[in-house]
Each structure stands twice: as C-alpha cells, then as structure tokens.
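Read from first to last, the chains carry the letters A, B, C and D; within each, the first residue is number 1.
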Amino acid sequence: MRPEEPTAVFLINCPDQRGLVASISSFFFEKGFNIISCQQYSELSTGRYFMRIELSLSDLKTSRKKLEADFAAFGKDFGLGWSVHYTDEKQRMAILVSKTSHCLYDLLLRWKEKEIDCEIPLIISNHPDLESVANQFKIPFHCLPVSKETKTEQESEIRALLESHHIDLVVLARYMQVLSSGFVHEYEGRVINIHHAFLPAFQGANPYQRAWERGVKMIGATAHYATEDLDEGPIIEQDVQRVMHEESPEELKQIGRDVERIVLSRAVQAHLEHRIILSGRRTIIFRR
Amino acid sequence: MRPEEPTAVFLINCPDQRGLVASISSFFFEKGFNIISCQQYSELSTGRYFMRIELSLSDLKTSRKKLEADFAAFGKDFGLGWSVHYTDEKQRMAILVSKTSHCLYDLLLRWKEKEIDCEIPLIISNHPDLESVANQFKIPFHCLPVSKETKTEQESEIRALLESHHIDLVVLARYMQVLSSGFVHEYEGRVINIHHAFLPAFQGANPYQRAWERGVKMIGATAHYATEDLDEGPIIEQDVQRVMHEESPEELKQIGRDVERIVLSRAVQAHLEHRIILSGRRTIIFRR
Amino acid sequence: MRPEEPTAVFLINCPDQRGLVASISSFFFEKGFNIISCQQYSELSTGRYFMRIELSLSDLKTSRKKLEADFAAFGKDFGLGWSVHYTDEKQRMAILVSKTSHCLYDLLLRWKEKEIDCEIPLIISNHPDLESVANQFKIPFHCLPVSKETKTEQESEIRALLESHHIDLVVLARYMQVLSSGFVHEYEGRVINIHHAFLPAFQGANPYQRAWERGVKMIGATAHYATEDLDEGPIIEQDVQRVMHEESPEELKQIGRDVERIVLSRAVQAHLEHRIILSGRRTIIFRR
Amino acid sequence: MRPEEPTAVFLINCPDQRGLVASISSFFFEKGFNIISCQQYSELSTGRYFMRIELSLSDLKTSRKKLEADFAAFGKDFGLGWSVHYTDEKQRMAILVSKTSHCLYDLLLRWKEKEIDCEIPLIISNHPDLESVANQFKIPFHCLPVSKETKTEQESEIRALLESHHIDLVVLARYMQVLSSGFVHEYEGRVINIHHAFLPAFQGANPYQRAWERGVKMIGATAHYATEDLDEGPIIEQDVQRVMHEESPEELKQIGRDVERIVLSRAVQAHLEHRIILSGRRTIIFRR
C-alpha cells in the first residue's frame, strides 16, 4: 500500500546483529515519528541485514539535514550502510528508446494514471520514430542518431542531457544500443534495462528467434540494472507467457511485447518507490 | 524462510497507534531476544494493526509462563489482542476425508517431506475407501459411516476423537459432510475446508458441472476457515487453472484436483506456521 | 498463426455425424482450395459439431457469391449452420467508453501495432474526457451525454451512428451504461463487454470493493457478449491476478486495470479473427 | 478430451502440399471410419506438415495389419512419414529414480487415478530408498547400485530389464545418472527426463543454487526427451513458479518440487496419449 502523505524512506544494509529492529525503530519513535511500515530481511548466507522503514514526514520536527546527521551518528555503531529518500522530492526519470513503442507507451500511460510517480523531463532516441508519442504526452524528445563512428560522441551528448536535467533514473525502454562501461559505472544502480528473454537464457541478440529454434514452451522478459557485462546485471523483475508450437518467431515477438512492458513497468515502480536494495548481484525487493 | 531452531511466534492484533514497532521490539530486545522476523500490517479502513514477531527460543531466560505473563502486563496499555506459539510444541492435526484421495495424499506427502510440520494422530472418514492410504503412512484410520439418522451421533463420535487426541487443527480434505454450527463454533478458526471452486463463484454442490455450463475459462479452488454458513468463511488461499471449451465437466474435475490439493496444502502450511490472523471475514496472511 | 494473405473463414455449427471432415474438406479441395487450417470440436453433451476452416482466397476461381451458393447447396444434407468471412473485407468496430482510458488505450495501441485488425470509424462516449485520446489516434469522437431522462434518446443516437457507419462489432471498453434489451437483441453476438470481476463472482456494481470485503486472494476480469441479463452473457475470456491482504480496494482497482485491458483485447482479437462460435451460453474459441 | 472407447491414432509428418486434409480424411471415411478428432499444423519455416488423426476402432472392418498396409500404400504418393498407435494396446512404462520421491509419487498417483494410462511393470533405482513407495503401489522394484567402475555394467543390466519387460517408454523421474549415448540412441524419442530448471537456463548440476546466486525471480522445470547432449533434447513441457529474495536455495528446491512433478507428469501424459511429434529439435504437442 502506498501512503498518500509525503514520507521519508530509509533503506538500510548492514551486518546482521542483535537489536537492530528495536534500536532503529526506537531511534525514530523517540524522534516522534510514526512508523508507517517497517520491513526486514536477514540473508543467512551473507550475514547481511536489510531494512526498509517508512516514516510520516509530517512528524519531522527538525530539518532533513539534521535528521540525516543524527541518523548517521546513530548508525555508526551498527555499521549501517543507508540512504534516505523523501517522497515529496520527485525523482527525475529519462527514457531512452529506439523504434519500438510498446514499453514507452506502457510507462507513459502508467505515469499519466499516477501508477508511476516521477517527473519525466525528456525522452531520448537514436531514431525519430517515436517523437509523436512523446508529443502526445507533452514530453520533450531528443533525437540523437548514432553510427559506429559517432558512438562515443553521441553517448557524451546523452550524458550531457542527463546531467543538465538532473536525471535520477535512466530507463532503457528497448533502447537497442550498448552503453559504455564508463556510463554504466557512473550510473550504477540507476539504469534499468529490459531484456526480451528470461535471463540467463537467451542473452544477447534475437532472443525470440533463438527461443523458437530451441522450442521452449514459455517466453519471458527480464528487467535488470545495467552493468558492464550485457544482460548480466542484477535482476529486478521477470515474467513469462506460455507459447505453443504454432506460434512463429514473429508471433513470439508479439506475445513477448506484453510481458516486456509489464515487467519493465513493475521494475521501474519498485525502483521509484525505493523498494530495492542491492545485495551483490541479487536484489532485495520489498513489497508495497 | 522457516528458521530451523525452535522459535516463539507472537501474533498481535490491536488498534493502530504510535510506537507499536518500537515498543514491542524493545520489549523483546530488553528481555535478551534476537528478533528473527517482524512483520506488520496496518489496515486503514478498520484502524487495526497486525503484527507477527518471531523470536529465537534459545534466548529465553525465564519460563514460558513468565514470558507470557510479562507480555500480558506490557500489552495492556496498548490494548493488544495476542497469542503465542512455540514451534517445538508440535501441533496436532486431524484429517477428515470421504472417498477422494488427492488432497489427502498431497498433505501426507508434504508431511513426510517435512514441508508440513505437525503430528497427525488420526484420519477420520465416513467411508472405508482410504484406509489403505492411511496405512501406507502408518496413521490410525477411523471409519465413522454416517446417514441422515445418525448424523448427530456420528459428529459426536468425531468430536470425542478430536478431543481425546487433543487436536489443534481439523482439515476437511474433501470431507463431503456439512458440520453442525455447534462444532464449527467450538472449533472456530481451527477448521480448514477446501471448496472446489473459486469462491464466491459456484458455492454449494457440483461446482465443476456448473462451471462447465456457465462456460468459464478458468476453474479454481478455495481454502477457507469453516463457518456456520457453508462456503462463506474467511478465505485463506485460492488459485485457478485455465480451461478450454474442449474440456468436459469430468475433465474439469480432473484438472481441478491439481488446484485443490495445492491450495489446501498452502493454507494448512500457513496455519501451522502461525502466519494467519483473522480480521473479521478477511485473513491477514504473513509470508514466510 | 495468422496467415498474411487474404483468406476465407467458414464457421460451421451442425449436428455431429459421420464424414463431416472428409466431406467438407473434399468440397473445398475439389474446388481447388488449399486448406490453411481446419479445426473441429464435437460437443458430446449437446451432440453438436463445430468447425472452423480457413482457405486461401487466391485459390478462388468463382465469385464469392457463387462459392457461398455452392456451399449452401452442399451443406443442406448435413444440416449445416454456417457463416463465411473474408479477411480482406475489413470489419468495422465502434468503441464505447465513459471516463476510464486503460481499455481504450490498450485496444488502440494494439490496433496501431496491427495486432487488432479492423477499421475503427468512431469512438462514442457519454463523457468528453477521452476525446484527446481519440484525437491522438485520429479517430472521430462522438460525445453523447446521458441522463435518466435522455437515456432512450441517447441510445437511439448511438444506434443511428452505428448504423450509418456500418458497424460490425461494438466494444464496451468500460462504458458504464446499461444497454436496452432491444439494442442487445439487434446486436446479439456483436457487442463485447468487459466486466471487472471474475464472473460469475461479483456481478453488478463495485466488484473491487466487494472483492476486498470478501477477502479474495485473486481478482479477475471477464470479457463476454452482452445479453439482456447484465453480466450473464457468454464468456469469451477471463484472467486473474493474485492479490494480498495489504492491497486496498483502490489498489485492487489499479491491479485490475492490467487484467481488464488484456482480457478485453484478447476477446476482441478472437472475435475479429472469426475464432468464436456460440454454443448456447458457452463459447467455442478456436486457437490461432 | 480423451475418448473412452478404444481408438487408433495416426501421427503423420510429411512435406506440406495441397489436399492433405481432404485426401487423408477421405481415405479413412471411405474405409468406414468415424473421425473422432483431426488436428494439423503447417510449419512455414520447414515446409513440413503434421497431423494427428484419431479413429474409432469399432469401425475397423479389416485387421490392423491390413489397415496399416493400405495406409502405407496410400501414403507413398504424399511422402508420408507416419506411425499408428492403438489405445487398447497398453504401453509399458519403466520409471528410473534415485532417492527423491516427489516425481515418482506424482506419476504413481496419477496412474492410480487413471490420468496416466499405461502399464508400469517395474521401477529401477540406483538406491534402495524408494522401494517402500514401489511396494505401496505393488510395482516390482529393482535396485541396481552404480559406481564409476560399474557404470557400463549397471547400464547393461538396466537395458536387459527394459528389453525383457518390453518397455515402450522410460521416464527419468529425477534419476541422477547420465545415460550412455548408445542407450539414448537406441531409445531415441522414448526417454523422458525432468530437468530442475527452466532450460536453456541453468543446464547441468545444482540449478537451484545457481538460480539463487543469479537472483532470478522465477524458477522452473523442463521435461524433455533425452539426447546425447545432456539437457539439450527436445523440450516437451515447461513451467515456472515465482520466488522472492527471502527464499533460500533450500526453499527454492522445495518450491521447485511442485513444478518438477507437474511438468514431468504432463509430458508423460502427452507422450502416452500420442500427442507429440518431433520436428527436429522442436516438439509439436497436439492438445487433448
């Protein structure tokens, strides 16, 4: 359940130890906060502890800076890694696309319905095809064509745009270009890609054709954080759809579109709602 | 994740109010407990707060009685409704069946695999058909035939058996007899029934035949606590399976068997793991 | 698999009897047709036989009239009920909406992607809200407000519009008005409605609120042909989505949107591809 | 829908060409057969045509030998590859297991419920653990322990048993030994294996551990025909189950058991009901 009032969300990642729930919840209780939700997970194999705690901002009696400083001081003893997010500070999301519109439309329609809560200052593409979609939703569209020769230069232009628009999250909504490792490193944990297969099966190009040839009985899609190794990043969300022998590779592609768009949108929602913590290559996804 | 060591599970149901997480978790922390897991849910429409908190019993420094008395005293101020369960005190489950074996087998196989953790001192049936199944798993089998005339008497015999075996949970694994309201009241929240339809659709008899006639495209099953009104009790678990026009009513029944057994087993697991709290006619089901 | 070339589709409904496949397929073979696909179903309980047979139109050596006359003559002995459809004669679909856009968008996006193959000469609504969506896709939008007093008159206007645009299929994409029995009779088997519940559960108004109160663990949607009795018409497609106790009625509604739109679009596709035959209150849905 | 009377099932695989449905159905019609069901599939990319046609055996006026000879003569012109199966000649299935019982139980329970229709003359294992399960169902159990040194010899013993019992289908129900390529060649298309992952992901050993490490959000199982390359054979059936970050590798294994057993049983059913035709590495699976 998403609270309607503005909240502060703390994401915590630390060595597992006694008294974490009691100490952390007491810290906030003593500061006068109502705890709206508090979720935890202890990972036995790594000995790590993960927590998501959400507080009503109307209870905040100091500045946000002060709260953060106090929490930092408090957290030292426990070795807390943490970040805090305020839901009234809207995140800024850029969408990168090529020619295919289904994922873009799905994101924009959910954004219009307020299922996806953020600002979308721009859409970037290496092709002009989807400009009219951007226009329908009144979002500025930047067409930055790319060739082998201009690859580095075009990526610099993208990064300049992302920077000047203070972008928090980059969504590759079927953007068919590989990003440089420099880019991916700088935006680690902030670039979400949709791969049109059930990873780790069918990494790389033409997954539907290869799925058809292998004769699989279900096709899938995977949303993951982008990393240097293509299609190897931490998985955020996956889903599948049953297919039959009658379906041609072309029809698998069509069926796959429904899976891709729903998987990507769920991943973007989880990220924007601060429900994801990374644990190495795995993702902890707290439920709404 | 089910912890392997013995634990104490507190299930709490109270008016929502400030400081519940902090106070309750501090109560246990100060008593020296490690909190293994702590889950909450605030129901806005009823203003109720629900919590499941699980503690390592190896941290218990007093008697269980003392712990309970201390928690009762502590909980008064908050108006806590609560119960506590110790996982090293095995619950005792009775299974009631008629002639159909699929749900019985599923429960017994999971019990053998330790997916279902309890004792099963007896199986009761109004027909002799499944005695050999009970024998395979070395569980005493009681055949108590029933007719219109002997209904009250037979139920008394069942209740006597349940009592003398100190039964905590009664599972109606396709037991095709209606229980008296007296029985259901006495065992409120402790009798789980499987209905072979996706409630509230197709309440009552012959759901597969009626589903076929209505031409539904999915058939389902529902596990629920038994109440006076047949098929009206709080729902614990549901699932469905897609069907096609080719399937005859007889085949729907066969397909349905797979749904029934998995739905019933999941409900029984949730109950035995103390993951269910009732909120009126709704169930709060905490995840493992 | 949808063939790319123009085809003729015969839908046949007759008493089951020996030699139907051989006789019918031979009829077409002798006329020089390549049979692209041929699907059958014998319904034991009614003794009816259903067939869908698809032929390449490039093999047609006579006029369509002549083919139909020949088939009618041939079919008499077998008591064939039948209809024929030519995929190069595009069907004309009208969409009726109120204020909610998700089903409308889904239909229009699939139509643009050519997943839904028809003409859409107009969108009709009792509210002005979705005019901009219609504009985005360059489809004429007719706003016909309605009140208790003007109900009959407004429906007449709708029927006049449908007639003057030679509409083959009317899709109620969350059009929140009940149609008169006269309308429904005239357009029998040609009006598809989406109900936002898993019928026959939660017929009528506010299904998500009632689903929440009943505490169901899955919510669903049902696409069906409209009949006089609201929500009682033959079911074309259904699907469900798992929900948890945390989800509020408002969130069930949001989750339900994804189910509704996919269920409605699949039903519309099946109808437009001539894959549905009615058998009383049940639908035979041949697969692609 | 499975017919209750004995039938003959022809499985046909040939180059696609005009008149196949008409010619084949007429062949049987002229011999006096009622066609119970007739299913086809044209594979565009390979130009192959596949048909499954099922006939009532009560219509057979000649010997089975004569029917086969006549059909062989008829089929020559069309280049038909074909096989025929009579449902009153029960197939004989051997089950190979190691220590894990869930797939074995599932097969045996469905066999007892007559969902799986065959004879099971023996169960073979390299461990003694499951003998009691075999005993419950009164099926002879052969324990053939195996070590690196005795591998060849033990396989010979297995083959001798299969031969002397005239086995038609070998089911590897979590038999954890690799078969020799000689064995696999001899029994091509007659050995079904269950792999506990969603192939082609996680081929080889320890798939649940690796799935956990990769952080996938769904785990699956795959039933396939065994071939020389382990886990590379034609896929018959797949399914998946959603998992969360909380689930340990051990719990993935438990959840996976439910997927494995249902996937294997569906594959075995499809094979025994003569609903599978191989097309290279792909399987054509006709529906019931």
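What to note about this one:
As a convention for this text, contacts are C-beta pairs under 8 Å (C-beta built on N, C-alpha and C of every residue); 3 or more make two chains touch, one makes a residue touch a chain.
Note that this is a predicted model, so its numbers are computed, not measured.
Listed by label, the chains that touch chain C and also chain D are A, B.
Over half of the residue numbers at the interface between copies chain A and chain D are found on both sides, making the touching surfaces mostly the same.
Taking the mean of C-alpha positions as each chain's centre, the chain lying farthest from the centre of chain C is B. The centroid of the Cα atoms in chain A and the matching centroid in chain D are 42 Å apart. Between chain B and chain D, the centres computed from C-alpha atoms are 37 Å apart. Multi-chain contact residues, meaning those touching two or more other chains, occur in chain D at positions 1, 44, 244, 246, 248. Taken together, the chain D residues at the contact with chain A in this complex read 41, 44-45, 198-202, 212-218, 220, 234-240, 244-246, 248, 279, 281-285. If you check the complex, the residues on chain B that touch chain D are 1-2, 101-102, 105, 109, 113, 115, 136, 244, 246-248, 251, 254, 257-258, 262, 287-288. Contacts from chain D toward chain C in the complex involve residues 1, 18-23, 25-26, 28-30, 34-40, 42, 44.
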